[in-house]
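The two complexes that follow have subunit A in common; it is paired with subunit B in the first and with subunit C in the second.
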Partner chain A sequence: MDALNLALELILMPLVAFVVGLFMVLMMRKIAARIQRRVGPPLLQPLYDIIKLYGKQTQISHGLVHDIGIVMAVGGYVAAETLLPVPGMDGLADRGGLITLAYLMMIPSLGLALGVGQCANPNGSIGIARALTAMLAYDIPFVIVIFGVAWHYGTTNLADIIALQQAAGPGGWGAATMPLLALAGLFSVHAMLGKQPFEIYVAPAEIATGPMVEMGGKFLGGLFVMQTFQFYTAGVLYASLFLGGGENWLTFLVKAFAVVAIPMCIAFLFPRYRTEDLLKMIWKWPVLLGLAGLWLIMH
Partner chain B sequence: MTLLDLLLLLSLATGALAWLLGRWSGAGVLAALLYAGQLALLGAMDGSAAASPTFQVLGQTIAWSLDPFGRFFALITLGAAIASAWFMAGEWGRRYTQAGHSLRALHGALAINVLAMLLLLASTDLVSLFIGWELVSWAGFLLMAQGGAAAVRAALRYVTYAMGGAMAVLGGTVLAYAWTGTLDLGLLAERLPALEPGRLWLLVALFTGGFGVKMGLLPFHLWQAPAYAEAPGPGTAFLGAISSRMGLFAIALVLARLVTLEGLDGLQILPGQFGVRDLLAWVAAFTIVLPTFTALKQNDARYLLAWHGIGQGGYMLMGLVVGDAMGSAGGLMHVFNHATYQAALFLSVYAVIHRTGTADLNRLGGLVVRMPLSFLTMLVGIIGLAGLPPMNGFVSKWLIYRSLMTEGMPLLFVASVIGTLGTILSVYKLIHNTFLGQLRSEHEHIREAPWSMTGPMLALCAIVFVTGTAPGLVLGWVADAQAALGLPVLRYTLGGVASAKGGLDMLWIVGVLFGGFGVGALLFYGGGGRSRRVHQLDNYAGGHFLSADVRYQYSDNFYAGLMHRIGPLYRNAFTWLESALVSAVDLAALAMQGVYRQQAPAFLLLMTAVAGLAWVVL
Partner chain C sequence: MSDLKQIPIHAEGDAGGDPKSEGLFTRVFDELKAFCRSRSLFMLHYCTGCGAIELPPAMTSRFDMERLGIQPMVTPRQADILLVTGYVSIKTLKRIILTYEQMGGPKYVIGICSCTVNGGMYWQSYATAKVLNEYLPVDLYIAGCMPRPEAVITGMRQLMENIRTGKADNWKDYYRRYDHYLGNQQQLFGERWQTPTDVIGEADHYGLAGPETTGPHTALLQQHQVPLQPLEMRLGSRQERKP
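== the complex of A and B ==
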């Protein structure tokens, strides 16, 4: 029975992530539209986009590694979702923990990097060089945050971290007990999502100069799917670390959407940082905040 | 005749046969088989295996015996030797001979290295340790110096460092004997922790500094990258896999077994705040971060990997000095893991050199379509080196991160992760510039490396993957080594570590990861239209279609944005320090030369006058 339950969880958790992630993408577009005084896309537009991209007649592959890159980009996140507890389902949270989750979240980036590299387009490679540099930037405050939370709750098991927060009530949530770390975490989530002002490596406005340059059809569709997972993972992880996770599905979804909404509301007001300014910005403020937060909780 | 006698004799015989039969075409296979035989003997040992020959020095018995800690390192040594010998058994060796090099000298040097390492690993007292240490140092020189003029220069630089280190070790040995009256490691373990702190400080400094030279600990790391990178192919793989870990072996022996962690805790700089263990952990942290970012700058694949080898040593020392069960297990396991993926990486780089003639990252690219197996090897290797799941490098680093979390060491944790992130950047550059991107027209018709070379590469890949999925296979040996060192022993499972505060089960993690890849593949290949494979030149950049005669591979100054930010930090402080030291020694030598040879009468008169004055005044 236990094994059956676990198998069911392992199938359901990525599915939930995908569906929720689709709505997060929709929310992002709606927010952008409202800020720019547009109506924005209809409810199922993200799904239509994926179907459209998969259904395209012209599908250009630059070789096996190009394909595998997309498979890794999606697969890495599918695996990561099983380590991220949702209400009623812990999945493999106790067999991996926070550190493993953080490292699994790097696999899609590596997959994307491999796929883009195989395309042999110099613009793609430049985009990846920038993307990996950005990863070096935002992962430093991110691991400071992870260390702080794990140290504070004395465990790397995400299910336990959530349970401890829920037992203590909203006053015991990470955001209340570790406000500086929560702020640093929000910064790194923002950068991790690759939204303005940290979107130089995605370069969505000028598609021919970023990693996406050779990505069309289902290659782009795969990356779209990856983005839905990425939004979900960032939102849910942050909610689990600082907002007590979800007591039930309603609060879970409210928190996860709220976490993703914050960077989105800020993002569309900003232009873009150059790579070196992005590094300077992230290595200064979130890292300082994170270290100060660490010092506070450890003394 | 004990098992260790047999092992050492077989090792000696391997050396003799490698030298005698080195020109014969089957020599590589024979050598690999002989190393495998030694490995089998190693596997048959259990407990502490002593050797029969002993002799007396200063009334003390000098003897050799291999305990589980030494056996762990011996296992890695012999594994690396098998892979290296196998790699040179076929076409690589023939090409090497045709180019006018001596294959038998290479085989011989490899075998001597293995023998010297086995002797070092089996030492039971300070004298046998020192003998082994010197043999290892000089054997390393033999292997390094065979790669041509640049290699000889690098090897000579190495010898300078190694001699300095050996003098420190000799000084430590003499002082330890003078203060404790024994050379035996067992007795020293009882008497050393009782020494007064000042003396213990000196011993720790002499031994760690001396052995740290071999390990490439900061600031004694400058010699290592060129010395390893310039050695002939499989020699580089062997050196990169295990050679500098002999330093770690000796440091672990002295710190964990002789001085003991409690003894180390007695050595404080700021009492209660900062002790010798913190100091060593910070040395380890700098050894992780600085060489890793130096590696990022390299444009030669061999140098890039060699610099990472220095950086990865930092993780091993870090885990060891944190000292709890998980940390020290992570540090020791990282020795094994690093040896496997580093050897695989070097071999794949040398496979590329074999076919293309260069390791210059600005002169390669797009080779994945021509050399898919070498690409696979490098892919597995870089995932291991970067420490990402599902490869074994992840597990050992996980153990180290986890112990830093448990012990509450945030800055060291962040430093280790920065090292990992820098490694990801650097290894992507390696695989991108070698195997991805544009295939140069002169590489249009090259073939995959022959089986004699891809065989050991793929075997190493299999080990990297299997021990990443089932780390318990290695953790068993690690736990035995911990017990032999007197460290707290890790309680492990086949999949990793079970812990109430967050464990790791790689069997499940790798399972869901491949499940995820399966889902990704199903979505990709199952859904949507069929993709059409195009030639890589069916491509454009900046609105222009590309053709084979246009070189558009993006490789130089790969991380321009990052270098713009951190570039100014590379001020070559260490090179400056080294040249300052050299100048100081030069000056002193000049002065001595003056005394003895050039202005002897004037100097002697001056010295007599000074001495006379001093006598009158006093």
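== the complex of A and C ==
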């Protein structure tokens, strides 16, 4: 019975992530539209895009590694979703823990790098080089934040971290007890989502969407699915670390959407940083904030 | 104008559309796919002429194409619509054909402005390809000099309607009558014209080859065709390589 339950959770959790992620993508596009005084896309637009892309009749593949790259990009996030507890479902959260999750969240970028490599498009190579550099930038504050939270609660088990915060009430949430780390975390979530001003690796007008340049049909569809997971993972992970996770589905969704909405509201007001400025900026401010936050919770 | 047959456009040859699927589930699925295709159009705008100036207002806050699910994309691989917005010189036509052949089907071509319909004010120009429909299967023309954003959006809605009802499959015509299109292209660019895309191979692969896919013009192409070679990788500066 226990194994059956677990199997059901492992199927349901990525599905929930996909559906919630679709609405997060919609929210992102709606926010962009409102800031630009437009109406924006209709409710099911992200779903239409994905179905259309998978339904393309001619698919242009550049070889086996191109296919595997996309599978890794989506699969890495599907695996990550099973480690993120949602109300009522813990999945593998108490077995995996934060460190496994941090590793799994790197797999999509690496898979994408593999796939883009085989396309042999110079724009794609430039884009993925920039994307991996950006990953190097935001992973340092991200690791500091994860280390700080794990130190503070004395565990790397995400389910325990959520339980401890919920037992302490809103005053005991990570955001209240570790404000500097929470701020640094928000920075790295913003960079992780790859929106302006950290959007240099996409740069549609300059390098023709970088890693996505040779992706059409089901390959681009896979990347659209990956994006929904990416939004969900970032939102839920941050809510679990700093906002006490979800007591029920309502608060869970409100927190996850709010976490994604904050970077999006900032993003569309900005142009983008160049790669070296991005590195300088992220290695300076979030890292300093994170280190100061670490010092505070250790003393 | 004597050649009104060019507009409106209909695919010639075997215009059968998709083979009708058996069973309720597959039919519902096909309907869903057609609906999603019509509601999600990524467009690649090849802004050759003055018509390009009418597209930013159509896309931005005043008319906002995104509410119809239409958004700009930047590479042919990602795009569904190729927008050709104005006169097409012989030089640019080559690039348009290269771009078109890289797009994945179903793909649609929209000719905006009078120049793509019949050459417009460039009718007497020696360097302008006058009727776009002769070189690429155009799905929709939006006439005008230039059409206003309202006209562009009305045209887009018409294309969406055609896609939803399964009428917009002119892209298959390019595979079915490749010889015809290639002949017109060779007339303009010379006998040695070739693109990196193996259109005949694709037509065979997707089951779209018809009796007119190959012919005298493709035979001519195969005489001259140089297979694509990967570029040689060289390290070191330019000076060192010189003997």
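In the analysis below, the second predicted complex is superposed on the first by the 294 of 299 C-alpha atoms of A that agree within 3 Å, B and C clash if a C-alpha of one lies under 4 Å from a C-alpha of the other, contacts with A are read in each partner's own complex, and residues count from 1 in each chain.
In this text, a contact is a pair of C-beta atoms (placed from the backbone, for glycine too) under 8 Å apart; a residue touches a chain by one contact, two chains touch by 3 or more.
If you're wondering where the values come from, they're calculated on a predicted model, not measured in any experiment.
Mind telling me which of the two, subunit B or subunit C, contacts the most residues of subunit A?
Counting residues of subunit A touched by each partner, the higher count goes to B.
I'd like to know which partner A:Leu220 touches here: subunit B for first, subunit C for second, both or neither.
The answer is second: A:Leu220 touches subunit C but not subunit B.
Could you tell me if A:Met212 is touching subunit B, subunit C, both of them or neither one (first, second, both, neither)?
second
With the two structures laid over each other on chain A, which partner does A:Gln59 touch: subunit B (first), subunit C (second), both, or neither?
both
With the two complexes superposed on chain A, say which partner A:Ser240 touches: subunit B (first), subunit C (second), both, or neither.
Touch status of A:Ser240: no partner.
For A:Leu279, decide between first (touching subunit B), second (touching subunit C), both and neither.
first
Counting only touches as set out at the top, which of subunit B and subunit C does A:Leu136 meet: first, second, both, neither?
A:Leu136: touches subunit B, not subunit C.
With the two complexes superposed on chain A, say which partner A:Pro41 touches: subunit B (first), subunit C (second), both, or neither.
In the superposed model, A:Pro41 contacts subunit C only, not subunit B.
Mind working out whether A:Thr228 is in touch with subunit B, subunit C, both or neither, as first, second, both or neither?
So A:Thr228 meets neither subunit B nor subunit C here.
For A:Arg29, is the partner it touches subunit B (first), subunit C (second), both, or none of the two (neither)?
second
Residues on subunit A in contact with subunit B in one complex and with subunit C in the other?
Correct list for subunit A: 53, 55-60, 214, 217.
Touching residues of subunit C toward subunit A in the complex: what are they?
Checking each residue of subunit C against subunit A gives 32-33, 35-37, 39-40, 60-61, 64, 66-67, 69, 73-78, 80, 102-106, 202, 206.
Within their complex, state which residues of subunit A touch subunit C.
By the definition above, subunit A touches subunit C via 29, 33, 36-42, 45, 47-49, 51-53, 55-60, 204-205, 208-209, 212-217, 220.
Applying the document's contact rule, which stretches of subunit A touch subunit B when the two form their complex?
Contact set of subunit A toward subunit B: 10, 14, 53-63, 65, 67, 70-80, 82-83, 92, 94-100, 103-104, 106-107, 110, 113-114, 117-123, 125-126, 128-130, 132-133, 135-136, 139-140, 143-144, 147-148, 150-151, 154-157, 160, 214, 217-219, 221-222, 225, 274-276, 278-280, 291, 294, 298.
If you look only at subunit B, which of its residues touch subunit A in the complex?
Subunit B reaches subunit A through residues 366, 368-369, 375, 379, 383, 386-389, 394, 398, 401-402, 405, 408, 410, 413-414, 417-418, 421-422, 424-425, 428-429, 431-432, 436-439, 495, 500-505, 508-509, 512-521, 523-525, 527-534, 536, 538-542, 552-554, 558-562, 564-565.
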